[in-house]
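First chain written, first letter: the chains are A, B, C, D, E and F, and each begins at residue 1.
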Amino acid sequence: MMKPTEKELADFIIAEARLIDERKFLDWLALFADDGIYWMPLEWDQEEEKLTTSLLYEDMLLLRTRVQRLEGERTFSQKPKSRCQHLLQAPQIDAIDHDANLYQTYTPFHYAETRFDEQVILAGWARHTLSVMEGELKIRKKRVDIVNCDAPHRNIQLFV
Amino acid sequence: MNKLDITKLLRPAEVHRDVYTSDAVFAEEMKHLFRNSWIYVGHDSQIPNKGDYYSTTIGDQPVLMARHTDNTVKLMYNRCPHKGTQVVIDTKGNTGKFFRCPYHAWSFKTDGSLLAIPLKKGYENTGFEKSCSSKGMTPVENVKNYRGFIFARLNDSGADFEEFFGGSLSSLDNMIDRSPQGRLEVVGSPLRYMHHCNWKMLVENQTDTCHPMVAHESSAGTVKDIWDKEGVDGPKPMAVEVILPFMSPYEFFEGMGIRTWDNGHGHTGVHHSIHSDYSVAPGYFEQMTEAYGEERAREILGENRHNTVYFPNMMIKGPIQSLRLFKPVAADKTLVESWIFRLVGAPDMLLERTAMYNRLINAPTSIVGHDDLEMYERAQSGLMSDGMEWVNIQRLYEEDEADNPVATYNGTTEAQMRNQFRAWEKFMVMSMDGAQ
Amino acid sequence: MNKLDITKLLRPAEVHRDVYTSDAVFAEEMKHLFRNSWIYVGHDSQIPNKGDYYSTTIGDQPVLMARHTDNTVKLMYNRCPHKGTQVVIDTKGNTGKFFRCPYHAWSFKTDGSLLAIPLKKGYENTGFEKSCSSKGMTPVENVKNYRGFIFARLNDSGADFEEFFGGSLSSLDNMIDRSPQGRLEVVGSPLRYMHHCNWKMLVENQTDTCHPMVAHESSAGTVKDIWDKEGVDGPKPMAVEVILPFMSPYEFFEGMGIRTWDNGHGHTGVHHSIHSDYSVAPGYFEQMTEAYGEERAREILGENRHNTVYFPNMMIKGPIQSLRLFKPVAADKTLVESWIFRLVGAPDMLLERTAMYNRLINAPTSIVGHDDLEMYERAQSGLMSDGMEWVNIQRLYEEDEADNPVATYNGTTEAQMRNQFRAWEKFMVMSMDGAQ
Amino acid sequence: MMKPTEKELADFIIAEARLIDERKFLDWLALFADDGIYWMPLEWDQEEEKLTTSLLYEDMLLLRTRVQRLEGERTFSQKPKSRCQHLLQAPQIDAIDHDANLYQTYTPFHYAETRFDEQVILAGWARHTLSVMEGELKIRKKRVDIVNCDAPHRNIQLFV
Amino acid sequence: MNKLDITKLLRPAEVHRDVYTSDAVFAEEMKHLFRNSWIYVGHDSQIPNKGDYYSTTIGDQPVLMARHTDNTVKLMYNRCPHKGTQVVIDTKGNTGKFFRCPYHAWSFKTDGSLLAIPLKKGYENTGFEKSCSSKGMTPVENVKNYRGFIFARLNDSGADFEEFFGGSLSSLDNMIDRSPQGRLEVVGSPLRYMHHCNWKMLVENQTDTCHPMVAHESSAGTVKDIWDKEGVDGPKPMAVEVILPFMSPYEFFEGMGIRTWDNGHGHTGVHHSIHSDYSVAPGYFEQMTEAYGEERAREILGENRHNTVYFPNMMIKGPIQSLRLFKPVAADKTLVESWIFRLVGAPDMLLERTAMYNRLINAPTSIVGHDDLEMYERAQSGLMSDGMEWVNIQRLYEEDEADNPVATYNGTTEAQMRNQFRAWEKFMVMSMDGAQ
Amino acid sequence: MMKPTEKELADFIIAEARLIDERKFLDWLALFADDGIYWMPLEWDQEEEKLTTSLLYEDMLLLRTRVQRLEGERTFSQKPKSRCQHLLQAPQIDAIDHDANLYQTYTPFHYAETRFDEQVILAGWARHTLSVMEGELKIRKKRVDIVNCDAPHRNIQLFV
């Protein structure tokens, strides 16, 4: 695939969330480009990426760490394991630029994470920046803004 | 509760579980401990201009910090003297020349004093001028601006600022001196992380040097594992540099040392710390030398204290310019705020590391944070067990400890926890009746 | 708590914050105040037919109002005498000739008296007939149907209905008389609006004439602003007509006057009110003249009282035919129910305005409601401040006020709030021991 | 556009919700016809619009008031501001009547509104009645039913 | 509370509502009743291998059940002796040869005794060996493994196991004997169903034979109705066979009989029960005969007890191999766990019926469960009514009942409820002071 | 319809949920094949259907019972009645096998159920197995997994 269609872009976003719900974290990692970034800002409308605090701003090394940790023998905060579920509105295609090989999507979502008897539901918007690499769509950046980004959250352990 | 009830909860190296789980004890902490102590309120860089305000809490008390017309920082209870309305609830903003209550428009100068009341004549000959309400918003009198850091003591009597903190201010000084201009600025919003456990568990953890290699094996250990496998030669990425030291062996922590001061303050990392070996920010040392001269610059940067606990509920990391506030919400609920600062005049790379450290270690989305919260909350529920009523903090306990509050120890001692609880008792009972 | 504990909470023109924030005080209110007072239960148009029922609460007590076989309205505690099951929990319905408990099918007449028990023989020679359970559901004895409005007093002793309400019934009369047939009917469901504040803050607000132009500047002020900009000539839209008066100047509210009655009742709008200048519904005056004669009709429609507070927790607006009930849930939690009525025999336009007023002012989605809730909840949290322990209600205070409970005042006085708290003390302590 | 397609109708509904989430309230107002009505019934299956209480029944004058108020200097219940997020199921087209120039859509949604540290989630169905006016789709009526319409709600300050 | 406070809450055939609604009474239940009684913990088939553990609660106490290296089942408080951390929180797993606390890696043998502490030398000459923490996790001493069923009594003194349960063990025996190998195995996870009511309401309901035909008319009655309409000839589907008996007439329940034992135990279905007429599983009787001989096999299978209540908070159904645990969470909150067992060596058809029964009757998604929960929660709120303070359990009451704890009654008596409350009083006060 | 398209399959799932929300329970029952099964497992990744506990495992007889009960005069747990709302992500088609006449769909959802003033939100995934029978799509099996399947739930009275 050199020039993804709108449907291919949307299907990619939907497939990504499903991989997380099904805990296929290694397959999920494989969706990222080597320079991929997963970003959850701390503030509403946050612009700055590195010179202020974010909830999450991670490269592949850190994401691989998270994934390996989740299955770790001594990962006590995952005994028992958390589970999560994504509910996506149909992804909207905000930008298609074949020449720059850049594609932007916008996806409102609700995210449920549960462990023991507690369940939390986060509401927000995922903004993906994608590129085609070696014939496959890859995530260059996934930005997740939650509507209550500045609330006092407890543990959020999986991937929104 | 009275003095005796409190003192019965402590032994030289053991703490009764009620200290963590009892609602009654928590109420007394709000009523005594958090009013007799000097509590960190905020930083004056949060309110640079006249009329700027910041609203927060001291213990369970809503307070309002404002930059007054005379440019000084004023603190007042956030409570309208008419019917009790909180005058502002936005955490921050600028109110101009005066505060105006949104309910009936009583207005107050930025030091809280009454400015005006609509239809004021309605209070003539009513004896209003004799009421407490006629003075305006109640000010907090005991406020100290220490090089930008604002502290307050709600009770009129008690130890004064210097006496309360003593030598521990050296850690704040070192953090501030790391700016070539000797000035810090708050950057962004704090991380806010809710814990279902008692606030003291978090404070104790700040000098708990025997937990990282165990509790954080899942996070730091995994980074180490991945880095060992994947790590190319050459410099470590910043994230690896920051996280790896958490996996240092016991010897490392034994060697770093712990220092205690009077009134419950203390710090880890007397001789070295997990922050000692960070790579240098290009140009920074030159800036420092220019500002302080080479010797003094080396002295400042040579001091790499790990965590400094300011009793009762604050911790700073000088070398990384971060501050954590452990705000008590209930006996089993604590809100942790993690703030970062810019070293004015220093390279951005330092701020980048500070911001990274904050999100990697202190965020509700941080794997290191997950490790710790899991321990606190397991302990909070474990303490409900009646199989054992005492928490043990006996490691490297020495009988005469209490006689030498200012001392340095092997880095794995629990002496600083014991030091905190001696101060806890002192500031709990100082305003209590002998019996009740 | 005992009498002294209660009386210590009040001063002639100040109220201690515990009155709003203390769980103990709230418990005493449920135990004494809400049982010694006559509380509004519902309207008989909600249960027009035999067997109709309506379930609600008086304070913290679940009660059941039913239309009995003799067509009178009966009230009983909603509690099965067997094992305590609430016999119905649907707010309304028709139960036919009897209530039947869903657990073991004990049945009761529509006045609560025991009708039948399956396998009744199982209780022979057990002494059952001597048990409290053998009587059936406990009835509430003191019930008054005042022109369709049902009130009840749970305690056996206390002031009787007429004595309790005295002259304040004139406001209910005026609302009812506005129907050419002298009859009202409940329309639809009430708005239910949850407030995290003490119920008394809402009651005080009903006669708080110094807050609209301030607290509602954002809602009413914006309507005014938009109307001034966009308003075409000719008649105002109904919504504008309803909201604009909220922005009237202080003089308007001073001039409207406030009247107080004994036992904590009172109203704003003695001389005129924000409801005075509503446009006329075509044909209505003719209907009224026909029913009452012109003079009496003018008299009825000339009375435009604003808010009438029926102590302790109800408010009505005669000219707009609405009723608000401030149901206490906890010291810091209040459920507001806003009901509307149809003037039987009057034009629909009046009901349309009533319905519009209700959603524009009293809904959880209403911008005017947002203004007010914000004030109440800011006050509830502000009162946690120990910087000041007293709420001030001193405006236009006069020393001899208490001696003349029935009086008329400048419309900006806080006298009615003081009147309420005198009644609050009276009905709190009347069933209390002197000491405890 | 004289005769909107099903996709155009659905896209319109999705775009409307996004404008609210992004606080572009003036653009949102522009989606309404001059005689547009925004209605939130109080009761389940409520039929009556004017002669009984509703949660909301507002014409453009009142909606403009709300929008202007949200940005007002003295709007204390919006200091700090509320934020909201819509999550829409794919809108269903219930009626297409080109001759009458009337189009009906049905959209299940969850709505999150947050202020300070509180978040509320409302679940319901939006029913839009649309017409084409001067070549553009306009909202003649937006009816929003929430599943717990009769529950004791606290403030709902933005637009469901 | 003291003995007198407790005894005042009970009458021979009435129970004061505070027994169900008071937080203070609930606290005393946790402190006394649930420590003086033998409480079901779990089944040893949940931890078949060495190092297997299962974590649960006894009253409000977190406990840990483990298979020790000597293959016996050990029970200990789930609380680290260092700082109180729960050592495991996973409900089940295998810990290998020892438990290791995740906070600082103190380790414990699978009987809880201390195994090792990192840097142990840090405790030399500190007096640590004299502290309670030096022993390890506190074991629960009084544990009984009765044919696979693990019970424990937290308090040291009190009735021993056989004395406590007496003849009631016959019901457990019958359930176990139904396995040709005399062995049961837990199958799957328990249903967990949260009820907002007091735990005793659920326990009483287990022998409440006058409610099925009323409260379950909506579920069982509808099945009957549909089956009557649609039912083809020939054998009933399993689901119909299971649900229909709930609609049996009063005579059926009168005839089934109720038996009581000392200490609050008892059961319904002395002569027959709703489980009597289940269709036979092919081959099962042959298996049983082979195992036990025909006569004994008939004896075992001829016993079809309905519900057996093991005081205070467990119920089993022998013929259907299910167990329900009513876990107290708060005065108005109860977690019901419904477990099922496989009859080792018996046909799958029996397990299929057991599983079906569990989801049809005990699930939060079960219509029968909906019927019951509705009653409990209506009662919990109904009991808030002060119109009547006593719950009535007088049906077929006999004056001398208390003198003959072991007895058989007409199946519609409330005698077993009275029996439970006599035991409730006994085990509440046995560890209380006479006055306080 | 002999060979349903992907759109027809998706529309069927969406229509099914709407029938439940609108309390058209008899129409909903008619969507099931005579041998249709409605299954809600108790455990995460549960395989076993009959020899272990489930939250729900019901054939048509039991489903008809539920529906009739919901309208029953003596159904006290439905006085007042519960209401529910489904919010579906666009159904994904996991398998199309025309020869076997078997079609599999996967639908993440959030489900809100309310009664009195209580509202609960369940998050999960619905897996439908469909067949064409007499020209119409029918449900052979509907499997509903909720993310917190093992949490201590209170009453769930309608159909997830």
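Here, a residue touches a chain if its C-beta (ideal position, glycine included) is under 8 Å from a C-beta of that chain, and two chains touch if they have at least 3 such contacts.
This is a predicted model, so every value here is computed, not measured.
Enquirer: Hey, what chains does subunit B share as contacts with subunit C?
Expert: Under the touch definition, subunit B and subunit C have D, E as mutual neighbours.
Enquirer: Which of the two pairs, E-F or C-F, is linked by more C-beta contacts?
Expert: E-F
Enquirer: By mean C-alpha coordinates, which chain is most distant from subunit C?
Expert: Centre of mass proxy via C-alpha means gives A as farthest from subunit C.
Enquirer: So, comparing C-alpha centroids, which chain is the farthest one from subunit D?
Expert: Farthest by centroid: E.
Enquirer: For subunit B and subunit F, let me know how many angstrom lie between their CA-based centres, rounded off.
Expert: 52
Enquirer: Find the geometric centre of each of subunit A and subunit D from their Cα atoms only, then give the gap between the two centres in Å, rounded to an integer.
Expert: 29
Enquirer: From the C-alpha centre of subunit C to that of subunit D, how far is it in Å?
Expert: Each chain reduced to its C-alpha mean, subunit C and subunit D end up 33 Å apart.
Enquirer: Averaging only over C-alpha atoms, locate the centres of subunit A and subunit E and give their separation in whole Å.
Expert: Measuring from centre to centre gives 45 Å for this pair.
Enquirer: Quick check: what residues of subunit A touch more than one other chain, meaning two or more?
Expert: In subunit A, 74, 76, 87, 89-90, 110, 116, 121, 151-152 touch at least two other chains.
Enquirer: For subunit E, jot down the residues that touch at least 2 other chains.
Expert: Residues 89, 102, 215, 374-375 of subunit E each touch two or more of the other chains.
Enquirer: On the basis of the stated criterion, which chains touch which? Give every pair.
Expert: A-B, A-D, A-E, A-F, B-C, B-D, B-E, C-D, C-E, C-F, D-F, E-F
Enquirer: Over in the complex, which subunit A residues touch subunit D? Could you list them?
Expert: 44, 87, 89-90, 92, 106, 108-110, 121, 123-125, 147-148, 151-152
Enquirer: Any idea which subunit C residues touch subunit E in the complex?
Expert: 60-62, 76-87, 89, 102-105, 118-119, 122-123, 126-128, 131-133, 137-138, 140
Enquirer: Over in the complex, which subunit A residues touch subunit B? Could you list them?
Expert: 40, 42-43, 48, 50-57, 59, 61-62, 64-66, 68-69, 72, 74-78, 150-157
Enquirer: Along subunit D, where are the residues that touch subunit B in the complex?
Expert: Contacts found on subunit D: 74, 76, 79-80, 116.
Enquirer: For the complex, give me every residue of subunit E touching subunit A.
Expert: 88-91, 93, 102
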